[in-house]
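Provided herewith is a single structure, encoded as structure tokens, for subsequent inquiry.
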């Protein structure tokens, strides 16, 4: 704990003055670029990996970057998403999984979480992930590959859950919000983006095209 | 979105190599110092304000740094807390509110969130905060003071909720876990710590004594 | 009630013998072609409109052909879907809305259901539909067109909810299950199918191509 | 799927014109005789077995014709019942179980549904049925008899659940709604009605007396 | 509070020795005659009004002697009932309402409980009562009569809810448990029992016939 | 049952007239001294042990004197507490456990309640108690001592849960409500009070000092 206290004083002495102007402007309100949903894992720092400044990322973090489907939990996830989309009008939501995720490891190995009823109960919102891996990836037996594949499939599953949130569905429908599925390999610094055209997670490229969103706006349908 | 993509490439080119060794070590597992619970607000960066490195802070972020009482929500909050305490054995939990919090503003001004049913529903877990401010602070009429006071009371309320989580209650009881209530004023860089002896939030001091925890271990009680 | 009793005796005297052989075979078990999800509305008869025999359609009917997202309701919808996919291995699920739907009318006109708290509460699972129509179809002012458009959008919303059910997600993923969105205009006998290529509901055509499913199997993704 | 598409075209070509007048009248609204609650089982066709026309039966179908008690599930069952009674003013509700029911089979043999958590969870609303059969019918060891008896007891249990729904309780109280418990043996075409005077399910008779309802109106009680 | 402390010392000095033998026997276990469900109201003392000794009545008390239907609340009511019936094998359950009940008053006058969300939410389990009184007793305009009538109807409604609890349904079915509906007028000392033959609450008579239970055992039904 | 009926007539003939005046006054309304929360156990009679008269104790009784945390259960506990504090303005709440408690015994020995799902589910609100005893009292092996210690810890746990109820938190904050933890040993007539200064349950003393509350009012905090 002393380390944290010392860190704060170091921040106050050496760093705060650099961003003081920015912080003072932000008193007026935040206008983040995106909602970034990731795991609580201590090895992930969204602002560091995206080199963003205060005010740029609205961040939701719970174990396993899980997004319960709308109505499944009247908890922080639904409220945070609704606030980001309806009040802050973010233009992008990134669901970002990561390598060596303990939550996903618990999903594959239930005995690891036997004594953790709250974790077990929360992982029911990743039951789609568990079943997809269990039923459709029988050929994948290497435990390491199986874990990272689970992380990848879970990102796609949570994006499906995200689409059931009313604020998201409406904004996606009119082209004002895009959804992105990422996986971060912290040990190599690589970030992979799900490319819907290829149906695969590919290294995030530099050009604008790399921003392939998972959802396109759906032009209004006509009454029959 | 392009800004985030560019930031990632900047991180990969210029910063990753600095921490590469650290990241590679962290493949073995994380051993964070503390669980840091704070708001999703884009103006807060827990790692920056505490000058911590990857692997040091397990971080939970939802709107309003709310911690529903145990059993109230089978969601990410309970799972994340349980995982931090039971699996990772963190020694400290910090609940950190912040100035100009939009969620607390919505709690004081329900008309702001009228069209956000998920936010409204989530704020029921801060109903203690609302009632305490409403019933016990009638004398505080200045809106700015009322908002920051609400942020402060909410930190204490969420710590009460935290104590109802079984993993927390048991670890606090045997002196292996301490709970801390902080408020971060991002516009001044100040951090205030609730000092239970004074019954007030005071600027975080440099010496170890400033670490007054909100919970002391309770020596075992004797069977009657 | 006497009419129903008379109808049963008429059925027993005049019709049962025709299908007796079929019914006796069905004692061994059912192998339905599809799960048909539609409204409880008395004007809809799924077997009549598809000219199917006993044993061919597994049928789920509640007000508004609503499918709460997985985890949102531990009720009949999730159980019926899971049983159809996991136990009966149906190959297709049709969500079929219909013209002049009272539930959708209540969604657009909350005053109609003010005194019906259970209906009101159930329509929260169509909140995506309400928001999409409210926010994205401001240009559509004709009440009749607005109602049928709501029926159409609701079919798509409920299919999104359907995808969050684990048995569905896994089976769709490996190409063993297809999802279809239909609207039935009972007053003309027309059936419209959502065509994902056109992004519109089009009259169901006779050739096989008309069966465009809403979901294609996703070939396995590769571990990164 | 092609079979369903072909069936629809057959319906449109050969049958729709017969009922066209009726369907056009029904645009004005539905006035069904009864709410018919039965299982999703593909071998049951309520309109066929009662020889009813479009507009005559409001139909609720989920696995096992289960009716969770009021407040137990904020799902389709409560909404459909409330809509039928409060908005459509049906005069009768029939809960109709059937022979060889897979849901009741799962209730007696939990190992059959071990891998179906949603079914398992839903069957908790038939826990009364399970306990009654388990505790009170120890003498009934023949599996076939045990299954049909379970179907019968479940019809009575779900009628008890039905009575906890406010719209039902109030309408039954003033004699405007009657509740009926039926079992349909599809392999013989027989329909059995619970006769409260005999305390047994008896073949549905032809005369009006066969309509013995399970609930009589209760004349108003006097304030003490 | 001092009054309670003094009362306890008075009890210890003057009364405990009278019942000491009884209390020592009860260390072996309790074998209560009945489960007595009544309101938390301070004016009711079940042991006093029935002149029962320690060990004779298992007592459940919450506001309004409400018994949520099975599955509606995973709370103390269901657990207490199950424990009384399954573990203690009580032979009778009495649901006892009372005159001048504040909870029932809140049910009739929602403005009284506008600021009490938990009370409001709990009274949803008496929504049957509210609707029955509202829809079927329009002729009863005198507020006092309307309140006591509401208390009476609520006793009957809660007994319907009680029947949805599996342990109760099974024990009632085999004649081992009887359910009784009482209303206690504390200002006169009168107790009224619902007499199902008369369909009215009548003063509790002295002879055994006064014990008319609300439920008779249902002889086993025969498989069809 | 006849015993209860006889008891009531005995009460009416021999005792009611003594308290008739009191009862008639109480028609105007109740003003109880305290809310007394205790177990449903038949061996406990709160009015007898505190020698209180009708109108003096508002009493909540469910199995195990459990108080689910706020929001965890929308049941009788939250409503009763809110009504006692907000409507009746009680000045004290006592949570009173007792020796030989069957619910606490079930918490320590889950096999005793294996067949009682509602009890099992309710005991999740005492999961803190279970974990504290399991993890922190390994040294206590004597089953009798372990049971009474569990009763003691459970009283403290339920008081923590109590503090999460908004009406309680606000009233405690301004010094208008005190919380007390008691254990009643019915076989000796002893009552033990948790003394926060000693951190132990001590015999309730006669002087005013014995009223040490578990919560002190917290003087208003200052906005930072």
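Order as written gives the chain letters A, B, C, D, E and F; numbering starts at 1 within each chain.
Keep in mind that, in the parts below, contacts are C-beta pairs under 8 Å (C-beta built on N, C-alpha and C of every residue); 3 or more make two chains touch, one makes a residue touch a chain.
Worth saying up front: this structure is predicted, and the values here are computed from it rather than measured.
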item	value
Each chain counted as touching chain A and chain C at once	none
Magnitude of the superposing rotation for chain C and chain D (Cα, nearest 5°)	180
Relative to chain F, chain with the most remote C-alpha centre	C
Between chain A and chain E, centroid-to-centroid distance (C-alpha), Å	51
Approximate Å spacing (C-alpha centroids) for the pair chain B, chain C	44
Overlap residues in chain E, where contacts from two or more other chains coincide	68, 70, 73, 117, 127, 165, 190
Round-the-ring chain order [start: chain E; next: chain F]	E, F, B, A, C, D
Footprint of chain B on chain A - complex, ascending	1-12, 15-16, 20, 23-24, 26-27, 29-30, 32-35, 40-45, 47-52, 54-64, 66, 68, 73-84, 86-87, 91-92, 94, 99-100, 102-103, 113, 115-119, 121-123, 165, 178, 180, 186-187, 189-191, 204, 206, 208, 210-211
Residues of chain E defined as touching chain D within the complex	68-73, 124-125, 127-128, 130-132, 134-137, 140, 145-146, 148-149, 152-153, 157, 160-161, 163-167, 169-171, 173-174, 183, 185, 190, 192, 199-201, 218-224
